[in-house]
Each structure stands twice: as structure tokens, then as C-alpha cells.
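The two complexes that follow have chain A in common; it is paired with chain B in the first and with chain C in the second.
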Partner chain A sequence: MNMETVINMVLLSLLVVTAIAIVRIKDLFAAAMLAGIYGLLSASFFVMMDAVDVAFTEASVGAGISTLLMLTTLAMTGRFEKISGNYRPRLALVLVALTGALLIYGTLDMPAFGTAAAPVHEHVAPRYLNDSYAEIGIPNAVTSVLASYRGFDTFGEVVVIFTAGIGVLALLMRAEKPTPRTQTPTASMHEHMVLRIVAKMLIPLILLFGLYVQFHGEYGPGGGFQAGVIFASAFFLYSMLFGLSEARKVVNHVVVQILAALGVLLYGSVGIVSLMNGKNFLDYSALSADAVHGQHLGILAIELGVGITVTTVMIIIFFAFSGRNQIEGEKD
Partner chain B sequence: MTILTTYISWTFLVLGGFLCISGAVGLLRFPDFFTRMHAASVTDTLATALIILGLLLQTDAWMVQVKLVMVLVFVLLTSPTASHALAKAALHGGLKPQLKIARGSNKAGQQSEAEA
Partner chain C sequence: MLANLSIHFPVLQVVVPLMAAPACLLLRQRGLAWGFAVLAMLVAFAISVALLYQVIAGGAISYALGGWEAPWGIEYRVDLLNAPLLMLVSGISAIALLAARTSIENEIPADRHTMFYIAWLLCTAGLLGILSTGDAFNVFVFLEISSLSAYTLIALGKDRRALWASYQYLIAGTIGATFILIGIGLMYVMTGTLNMADLAQRLPEVSSSRTVFTAFAFFMVGVCLKLALFPLHLWLPNAYAFAPSVVTAFLAATATKVAVYVLLRFVFSVFGYEFSFSHLPLQEILLVLGLLGIFAASIVAIYQTNLKRLLAYSSVAQIGYLILGISFANETGVMATLLHMLNHGLMKGALFLSLAAVVYRLGIAQLDQMHGLASRMPWTMAAFLIGGLSLIGVPLTVGFVSKWYLVSAALENGWWPVAALILIGSLLSVIYIWKIIEVAYFKPVSATTPDVQEAPLGLLLPMWMLVLANLYFGINTELTVGVSQLAAASLFGGAP
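Let's look at the complex of A and B:
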């Protein structure tokens, strides 16, 4: 048994332990933190499987932003779950066991883990790995697949994120004058001198790192999704430490909403430009006389669109969540 | 890489690993929140810093070294701040450090007093 197998086994056992702990724990704050740990463990597992791009996304979204959004939500809803009258754990257990058994039964038909002969390795993957450098001309094959070969799918993902932002806005926007509630965890942060100073040191670095991830996605792990989340987290940090009203002065709400739509539009309009040049939708080789150069331009543009939309939608969601019950920003 | 740098590097790595384990033991064995947090923050800062220093000596690629130094700076900035925020939040929430040893002679009691 080699070292990699041991590490995989340890990581997967820790995943199971964390999942059981999430189910069993009653404190929802702890459950949210454990969900973050679950995300981090999955990210480590993805690194072990050499899927660094996915690991990066999982670490920034699964362990970072979603934990934060869950905690913000919990600040609204309360720390412990209310057990309602129709609480039937037995039925749920039977259902879960049944589903699990079916899933395990399903795996019996699957090829063995890591076999080279698996269908997924024989369909389009060899083409991507062998030809993508010649066709797209960027070293990171994952970005080639995500942004160019599967550009339409990624467009769909961006639209999903945009729709989520619109949904949150539609549901929570009317709460401009929220009723005063008890203090949230962020409220007590206002006097924290050390935190504020360190945050001031870190925020420029976080923004810089976001830009690096955004524009380095063609050469290493990264891209618009991760960059957007990292960029948005700098704004979250600022608004948590300096208050929501201070943060609203930095990020104009109207501008953010327009930018969220502009990101999707930028992505889509790259596709339209390809169409008008007589190529397929999102075929970037139409963007320049040189096909490979066109691919470069297209990927840069659509990644920028992804980054803008993800950043702004995350900011919209966070502000909508924390604006809902936070008055203490005005107390500042 | 010479023999000397290998030795120094592994000294750092083993020390860092030891501090990780001792931090975990402290986290489980120490009597109250603040002492446990102290153990965890040692793992966060010193152990991580030592491991990164050890890794720095393992590579000759300067690009990797620059990135490791950046990670080191980031960790040294954020980990103590996180511990500080945690301790302050606990104090703010009304949790007092435990000043007396409840029962048995636990070595951690001294740290609890020092923290107070």
C-alpha cells in the first residue's frame, strides 16, 4: 500500500466522520463550521486526485464563502433548530439507507477506480489532453475545456449564479427597513482594533490575489469563479469589520447590480460576436485572424465576465443577508 | 542540495510535525477554553511556520520559494489574529479563564494562570 492510498483513506475516513458529526450536532453554528471543514477535506482529496482546479473551487466556495453565508443566515434564524411536531427520524433514516444502498448498487456497474479503460477516459478526454494545446494554446487544459470546449456549459453556470443573485434580491430586497434584532456576531467586532488593522493590511493583498487568480487561470489553477469568490471575500471582510453602512459607501448597490448583469452580458456577447463572424456560438477562433490568438482573447473575455458576475452576485447575496437584520452598521 | 540543508530542513519539518501533534494533544487535554485555544494557536502559527521553513529549504525553484514565503507571511498575519479574535469573542461572551485547577495536578493549570 503506497503513501497516496494511505492519505486518501485518511481523508475519506475524516470526511465520513465529519458528515456524521454534522448530522449529530445540535448547535447549528458548529454544524456550519463542520460543513466548512468538510469542504476543506474534499478539497484536499481533490488535490490528491490531481484535480487542483476543482480543489481550488471547493476550497474557496465550499470551505470559504458558503460557510460564511451559512453563518450570516444563522445570525438571522437563530442558533438551534426547532424540532417541529412531525419529526420522524426513522422514516428519514429508512429513506437515506435505501438511497445509499441504491447508490452503492449503482457503483457495482462502474469501472474500477482509476482504470485507464473507463469510458470517461476514452470519450473526449484524450482529444482534450492531446490537442488542446495546439487548438487553444494555453497550458492549463482544464481552463481550455471549461472556457472553450465547454464554453456553453460554463455560460449556463454563470447564468445560474446570476439567477441566484436575482432570486436573493427579489426575496430579501424589500427589507430595507428591517426590525431591530438582537446583536449579531458581527456587531461586537466594531471595537476590534487589531482585527481592523490586520484586515486593512490584508484586503489589498486579497484583492491582488483575486486578480492574480483571475488572469492566471490560463497557466495554473484558477479562473473567474475562484477569483470572483476571493475578490468578494475582501469586501465581506471589510463590511464585517467596519460595518455594513461603511461597506455600502465603498460598493454602490446599483453599480453592483448593473455589473452582475454586465458580466453575463459580456460572456454572451462574446458568443454573439463569434456568431456574427460566421462561426458557432462561443467559438472564439472567430475573434481574431489567428485562431489560437482568438481563443486567447475569448477565454480572457469570458473569464472576466465570469469573475465580474461571481464577485457581484456574492456581494449582493452577502449584503442582502446581512442587511436584513443588521442595524448596527448605522450605529457606527 | 547539500547534506547540511537537508538536515536543517528535516529538523524544521520534524519540529513542526511535533508541534502539530502536541498542539492536538493540548487541544484535547487542557482544562479550559483559553488554554485549549493557546494550544491550537501554537499549531496554527509556530508549527505551520516551521513546516513552511522546512519546505523552503527543500526546493531550489525560486518561484516556489517566493510563493512559500507569501504563504508564511499570510499565515503569520492571520493565525494570531484569528486566535486573538477568538479569545476576545470568548471574553466578550462572558467566558472567564479558569484560574484554579479543578482536580488532579494538571500541568496546564499553570498556563491558565499565566493567561489570566
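Let's look at the complex of A and C:
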């Protein structure tokens, strides 16, 4: 048994243990933290599978921002699960077990992991790996696939994020503006001098790293999705430590909404410009006289659109939840 | 320029409402947002009409997104199967949106109207995207757009239970979408491609593997959750009953039809008739569930007093008819399903819009408040009457046409008991529709009937557009029957 197999087995066993713990535990705070750990373990597992781009996304989304959003929700709902008597959904357990069994059954005829002759390596992928540098001119083939070959899927994904923001705004938006206050209930961290000073030092670095990830996606793992999440988490950190009203001074909610829309529109406009230049929707080669240069330009533009929308939607969701918490806190 | 633009219609069909959504957020003002959304939907509808005629004249249209040819890039593919549905979805969305401005006045707080219109456009764009695409993963992406926005639209209902209904739908819908994704993932593992036409070519080589069987099973269960096939329909009645009335009209007429389309596309085009009907007892499963759905849901509908909920159960029953048509596994059956998808969209759109008018005036569509309502709201109840007759399947309405072909398909297989059951099922719908007609037309106005006026024109006009469509396509069946016949023939022609 080689080292890689051992590491995989350890990581996967830890994943199972974490998943069971999340199901069993009644303390939601612990469950949220465990979910973060689950994300981090998955990310490590993806690294082992050489899928670094996916691992990066999983680390920033699964282990990072979703944990933060869950914690924000817990600030509203309370820490412990309500224990409801003799609730034992046996039928559901049977169904889940059947589903699991079917999934395992399905893996029996799968080509072994890493086999060079597997269909996924032989049909569409060789062109992505061999020709993408000549066709698109950037070294990271993953970015070429998601931003150009399958750029329309990514457009759809950005719209999914935008839709989530719209959903939260539509349901949680309040007509009345929360009164400005100096001290907010969420700022119980206010007293923690060490945390605040460390955060002050970290936030510029986080923002800088976000920018690096944003503009380095063509060369290494990264891109608009991860950058947007990293950028937004700097804002979360700031508002958690210094209070919501302080954070609101930095980001105006109307501007954030407009930016969220503009990010999607920027992505779509690249497609429209391609149309105007006589090429198909999202054909970036129409953007410049030199087709490869046009591809590079298009990818930069759409990644920027992704980054803007992801950052702002995350901020919208965070403010909608924690702002609501603040108002309900006032009522008590 | 315009002639040039027409080659981009397949993508513009989806992108116009998709990009109009963020643009509405920039407009901010709700009146402007509505006007802009209506404009975008009218453009989308015009494009869908043009596409249908392009397809009828020149066959399937393929469009390579990003200029990358399939299977490396994503392909949009408009053919006889999806072109009529594109027209149905964009048409119903446009008409219901016309009614929305008036209808949501009393149902949704004014400061949320802009968000409502944005979610509406996103949901429409999502549904249109699912229909247009020729790429399996792209289906999932647009399914997410349409689902997330549908949860939002439903949760905006006036009753607080709308939130709970939306949450139930969210859980069921997410499980469905995840199963679909697992199915697509397993197909990719075995073929290395995501393009539907390419999948159709490569799947037969590996069709005997357990992985492909699992992919098929997961995909089918996922889609059946989304299309609310009995007994996976539990999310639907609450979602339709508590959603804002125009949202119910829009979703009931379109969303489940799009899910049925996905089922047809994968069963016939991607996996292929041979695989689909030989590896699983699919025919028997669909037949039994379809019939159970028709009877169980119709009987439950008879006992409802809230009309939105009543029609929601009727929708579950109608989905039973759609599935029944597929279970016949013959050309006439699939053709009847296709036809009924269009026709049921028209009738449920008209019926739910007339309920939207009732809710606008009465605040709720409850049977015991509707005694003699036809004398107070004659146009609204006349629209309901015609929609109801169409639902039952009375001649000269669209409902008759689709029931006719459904029964002939059953007889073609020699399944005369099934044909008899279809007719008995129709009798059940006579009972629940008659119950409402009797109260509204033949009961005298009582003290519980609120003193109300006819609904405003903003609601009556869109409602009657759909009513007239019910009559027009019931009498002049050339377009709908012709296109459905050709589409069904193409599904059985072997070529994807």
C-alpha cells in the first residue's frame, strides 16, 4: 500500500466520522464548525486527486464562507437543536440506506480511479489539455474550460449566485432602516482586544490575497468565485469584530446591490459584444483582432464580473441576516 | 442586422430575460421594473414564435455557445420537441406578468415588487434555458436558476405558511436536483461527454454497465420529484396554494411541463427507447403511478374547499395523464403527452388567472364565500367556466383534443381498460369543477358572499387572452397537433 492510498483512507474515514458527528450532535454551533471541518477535509481529498482548483473552491466556500453564514444564522436561531420527543424517521433511514446502496452498486462498473483509458480521459479532455494553450493562450486549462469552452455554464452559475442574493433580499428586506447605533448586539467581540488588532492586520492581507486570486486565475488555481468569497470574508470579519453599523459605513447597501447586478451584466455584455462583432454569444475571439488575445481579454472581463457579483451577493446575504438579527435584538 | 440577429435567436431566447433581470435591479423603481420586464418577455415571446417557424421550415437549429463546437463547448439545440414549449413558457410568462402588476398589489408589500419581477424573469430564463440546451450539465445549471427563483416567488405569498410551503419545495427540489446531478455525473464517468447528442451515441456501448443503470435510476427519480409525479408530489399542493396567485398561474402552467420535457428528452433522445424501456420495468412503473396519480389526486381535489389547493391537486392528476401518455411507449401516446403539455399549460394558466382575480377581490378563493359570485364577477367566472370545461375535456376546447389522442393511444396498445380509466378520471374532474360552477352560478348570493365588483381590466385582459387561446387551439388544432405529431415521430425515428 503506497503512501497516497493511506492518506486517502485516513481522509475518507475522517469524512465519514465528521458526517456522522454532524448528524448526531445537538449543539448547532459545534455542527457548524464540524461542517467547516468537513469542507476542509473534502478540500484536502480533492488535492490528493490533483483537482487543486476544485479544492481551492471547496476550501473557500465549504470550509470558509458557508461556516460563517451558518454562524450568522445561529446568532438568530439559538445554539441548540430542539429535541422533539420520539421523532424516529425509520422510513427515511431505509430510503437513505437504499440510495446509498444503489450509489455503491453504481460504482462497481466504474473505471478505476486514475486509469488512463477511462472515457473521461479519452474523449473530450485531451483537446482541453493539449490544445487549450494554443487556442486560448493561458496555462491553466481548468480556467480555459470553465471560462471559455464552457463559459456559458459559468455565466449560469453567476446567475445562480445572483438569484440567491435576490431571494434573500426579496424575503428578508426590511422597509424601515435600522437606526444607526454605536454598539450592536453582534459586537460582543468588541471587548477582544487581541482579536481586533490581529484582524486589523489581517484584513488588508486578506483583501490583497483576494485580488491576487482574482487576477491570477489564468496561471494558477483561482478566479472570480474564490476571489469573491475571500474578499467578502474580509468584510464579514470586519463587521463581526467592529459591529454592523461600522461595516455599513464602508459598504452602502444600494451600491452593493447595483454592483451585484453590474457583475452579471458585465459577464453578459461580453457575450453581447461578441454578437455585435459577428461571432457567437461569449465567443471571446471577437474581442480583439488576434483571436487568442481576445480569449485572454474575455476571460479577464468575465472573471471580474464573477468576482464582483460573488463578493457583493455574499455581503448582501450577510447583511440581510445579521441586519435582521439586529432589529430583532432591539425588540427584545 | 436583424437578419443577422436571427441566427442568434436560440441564445437570445434565454439571454434576453436573463439579462433583463439584473437590469431591473438597476431601475429600482417598481413601475419601471414591471414595464421593462414585460418588454423583455414580449421580446422573448416574439423570438420563440420566430424560432418555432424557423424549426418548422428548416429543421433543428444548433447553436455553438462561445463558438466552440460540441462536445467541447455547450450546444443549444432547438427542435420540434422544445420549440413549442419555448413558446408556451415565454407566452404564459409574458401574459401572467401582464396580470402580475394588478394581482400582487394586494398580495405582496410594495417594496418587494422589484425583487418579485427580477425573480420572475430569472425563473422564466431558467425554464427557457432548460428547454433550449443540448448539454446535460447545462440543464442542471439552469434548473438551479429556475428552482431558486421559484422558491423565492412562492415564499413571497401573503400567508405565512407560504414560507413553510416554499421550504418544503426547497428540500424536495434540492434532493431532486442532486439526484439529477448524480445521474449526469455517472453518465459523464462512463462516456466522457456532457453533450446530449454525443451521450446518445456513446451510451449504447456501455449500456449494460451497472453504472449507467444507476445513472438512469437517479436521473429518473430526480426528474420525477421535480415534475411532482405521484407519490413524489407532496411539495406541490402547498406550494401552489400559498404562492402569490399569479405565481401559481405561471408555475402550474410551465414548471412541471419543463420537467416532463426533461424526462422525455432523456428517456427517448439520450438513453434511447431501447435502453429506457428494456432495463427497467419503466412502462409498468409509469403506467401504475400515472393512474394512481390521476385517481388519488382527483379524489382529494373533490374534497378541497380552497380553490387554489383544489386546482393544485388537479394539476397532480393532470401530470398523471402526461406520464400515462409516456407509459404507452408508442408514438400516439407520446404525441398526446406533448399535446397535453401545451394544452394543460393553457387551461391551468386561464384557471389560475381567474382565481387570481377572485383572490384580488375577495382576498382568498374559498368555496363558501363564492355563492352567486358569477353575478358579481361575470367575466371572471365565465373564464373559469371555460377553463374548467377545457380541463374536463369538452369538445371545442383544447382539453378535448388531448384526451382524444390519449384515449386513442391507449386503444392502439389494446389497453381498453386504461382507456376506460382515463374517461372515469375525466368524470372525477367533472365533479370538482361542477362543485365550483354550481356554487358560483346556481347558488343565490348569500350573506357570506362579499359585496365585490368585477376584477379590473389589468387582470381580465390577460385572463381572457388565455381563455381565447383555449378555444382557438381547441378548434384550430393544425399547429399544435401537427407539431406534436412531428416531434413524437422524431423521438421514435431513432435519431436524437
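Just so we're on the same page, the second predicted complex is superposed on the first by the 309 of 332 C-alpha atoms of A that agree within 3 Å, B and C clash if a C-alpha of one lies under 4 Å from a C-alpha of the other, contacts with A are read in each partner's own complex, and residues count from 1 in each chain.
The rule is simple: a contact is a pair of C-beta atoms (placed from the backbone, for glycine too) under 8 Å apart; a residue touches a chain by one contact, two chains touch by 3 or more.
Just so it is clear, the model here is predicted, and its values are computed rather than measured.
Three-chain overlay on chain A, with chain B and chain C fitting side by side and no clash. Contacts of A:139 after superposition on the shared chain: neither chain B nor chain C is touched.
In the superposition on chain A, A:279 makes contact with chain C only, while chain B stays out of contact range.
Judged by the touch definition given at the top, the superposed model places A:122 against chain C, while chain B stays out of reach. Rounded to the nearest 10, the angle made at the CA centre of chain A by the CA centres of chain B and chain C in the overlaid structures is 150 degrees. Once the two complexes are overlaid on the shared chain, A:201 sits against chain B while remaining clear of chain C. In the superposition on chain A, contact of A:192 is made with chain B only, not with chain C. In the superposed pair of complexes, A:166 makes contact with chain C only, with no contact to chain B. A simple residue count on chain A separates chain B from chain C, and the partner touching more is C.
Once both structures are fitted on chain A, no C-alpha atom of chain B lies closer than 34 Å to one of chain C. Shared contact residues of chain A with chain B and chain C: none. Across the complex, chain A meets chain C through its residues 102-103, 105-111, 118-125, 127-128, 148-153, 156-157, 159-160, 162-164, 166-167, 169-171, 173, 175, 257-258, 260-262, 264-265, 268, 271-272, 274-275, 278-285.
Those residues of chain A that touch chain B in the shared complex are 185, 188-189, 192, 194-195, 198, 201-202, 205. Chain contact summary for the complex, chain B toward chain A: residues 74, 77-78, 81, 84-85, 88-89, 92.
Chain C meets chain A in the complex at residues 4-5, 8, 11, 15, 18-19, 21-23, 25-26, 63-68, 71-74, 109, 111-112, 115-116, 118-119, 122, 125, 129, 135, 137-138, 141-142, 144-145, 148-149, 151-152, 155-156, 163, 182, 186, 188-194, 202, 206, 209-215, 217-218.
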